[in-house]
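Structure incoming, see below.
Order of writing sets the labels: A, B, C, D, E, F and G. Residues in every chain begin at 1.
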Amino acid sequence: MTENRPMDLLARSLNSQVLVKLKGDRELRGRLRGYDQHLNLILDDAEDITEQTHQELGTVILRGDNVIFLSPSGKPPGKTPAKKTKKKG
Amino acid sequence: MTENRPMDLLARSLNSQVLVKLKGDRELRGRLRGYDQHLNLILDDAEDITEQTHQELGTVILRGDNVIFLSPSGKPPGKTPAKKTKKKG
Amino acid sequence: MTENRPMDLLARSLNSQVLVKLKGDRELRGRLRGYDQHLNLILDDAEDITEQTHQELGTVILRGDNVIFLSPSGKPPGKTPAKKTKKKG
Amino acid sequence: MTENRPMDLLARSLNSQVLVKLKGDRELRGRLRGYDQHLNLILDDAEDITEQTHQELGTVILRGDNVIFLSPSGKPPGKTPAKKTKKKG
Amino acid sequence: MTENRPMDLLARSLNSQVLVKLKGDRELRGRLRGYDQHLNLILDDAEDITEQTHQELGTVILRGDNVIFLSPSGKPPGKTPAKKTKKKG
Amino acid sequence: MTENRPMDLLARSLNSQVLVKLKGDRELRGRLRGYDQHLNLILDDAEDITEQTHQELGTVILRGDNVIFLSPSGKPPGKTPAKKTKKKG
Amino acid sequence: MTENRPMDLLARSLNSQVLVKLKGDRELRGRLRGYDQHLNLILDDAEDITEQTHQELGTVILRGDNVIFLSPSGKPPGKTPAKKTKKKG
């Protein structure tokens, strides 16, 4: 199971776009350049996309304790009407 | 009792649908791909189901300190009128 | 005094109904299947009894830092008018 | 000074009534049956005395990080008009 | 500098009146009987002086993480109009 | 990957202007003179730029747990209308 | 870089006036007599300068987790209209 630890997924996401949801309803997006075991992150070309008008931040060091979740796909999340989802089978 | 530690139940829930209740009244659902000792989680095909309109998130790394509880059954919780529940016997 | 540490009482409460008061005025009830030293809990047949209408949750893993207190008696708490309580004697 | 560490006073308060002031303006009272180094407590015959109408809780395990202070005297606190208090002499 | 560590000042304040400012705008006063390295305190003849009407608490064990600051002088703080203060010279 | 840990980027940002976003919507700017592993920072010629009217603070020691993110570019963040951003390819 | 760690600057600020910004919008000022590795501080001749009317506190032990930043210059912060600041060159 070792390769499915959260830190391993971070390692495989280096240089990819990630979406980061922060406490306080803030949302950042950027290219993951680095991280450490506290989930501190380095994002390149980071943007604060909390509001309609995005804010360009350049490179940022993000303190890990602010993170709710991060998505390595980096795609802006799609909104779909509530629907059945696949159950495990 | 070793097999009834919370981490053991997580291990047995790998690849199953889990429902995750987060601080701040947020609710996610997804397939548990990985975890670590901090209750950091990897969810595949994750959805934010907090509101009527679900939000597809793809794969997410969830920081464990946001979790209130997670339910490995993954079923959307059923609402029933207040009733007597079984006492231990 | 060893047998009167909080963790010992948890051990003796395995398979009993417990009532768990959480931060944020939430209340769960369920059968204690497991726990660890962080007060992370596994509850079987868990219910969210915060509101009149109970919500069935099945099995849940509860993160310990959300707990205010838990009561191994599991009885719904009784309301009584303010009264004198026994002093230590 | 060893005998004046907070943990030593807890040890001497075993089996006595204690009043526990919790974060979020909650107040419990009960007989101290056990504790550990995190200030996790076991209270027997515990009551939630936050409001006029007391709530009987039976035995509870209280997570220490919720505690503001606890008073081993266990007497309901007396209200007195603001007055001079003894200075150290 | 060893004798100017916060813990050393606590040691020298044993048996003196201390004023303790707590998170949540609460204020206690009492005679410092003991402490530990977490800034957990034992206060004798403690009073909650948050409001005009003081509340006698007897002996209390105060959990250190609630403390903002404590003043070993124990004098009720004096209110003075904004004024120049001495600069270091 | 060692050179892409957050602490390494801090080391390379010494003597540069940094922008620091703090919890509670506060924003500081200054020249990074030092730091430690807790993300405690020393900023020279620091300014609180939270509001229109900046507040000069001189040299400050900033406690790391208040940091959301810091940007070593130090440029005031640019506001641009929401737009497509590059996807990883 | 050793001499530019936050703790080193504290050491060099002993016996100087410091301004301390606390969580919850509180501001103290005093002469730094001591500190430890948690950023617990001893301030002599401390004043609470949060409001117009300053409050004299005498000597205080300040728990480090309340600190946002502290400024060893100790000067009351100057207010200036928003302006260009020097970029690193």
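Quick note on the criterion: a residue touches a chain if its C-beta (ideal position, glycine included) is under 8 Å from a C-beta of that chain, and two chains touch if they have at least 3 such contacts.
Bear in mind the structure is a predicted one, so any value in this text is a computation, not a measurement.
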| item | value |
| --- | --- |
| Distance from chain F to chain B - Cα centre to Cα centre, in angstrom | 35 |
| Centre distance in Å when chain E and chain G are each reduced to the mean of their C-alpha atoms | 19 |
| Interchain centroid distance [CA atoms averaged], chain A/chain D, Å | 43 |
| Residue numbers of chain D (touch at least two other chains) | 65, 75 |
| Overall pattern in which the protein chains touch one another (line/ring/star/complete/other) | ring |
| Neighbour-by-neighbour ring order, given that chain B leads and chain C comes next | B, C, D, E, G, F, A |
| Touch list for chain D against partner chain E, complex | 1, 4-10, 23, 39, 64-65, 67-73, 75, 77-83, 85-88 |
| Residues on chain D engaged by chain C in the complex (per definition of touch) | 11, 14-17, 22, 24, 26, 28-29, 31, 33-36, 40-42, 45-49, 52-63, 65-66, 74-75 |
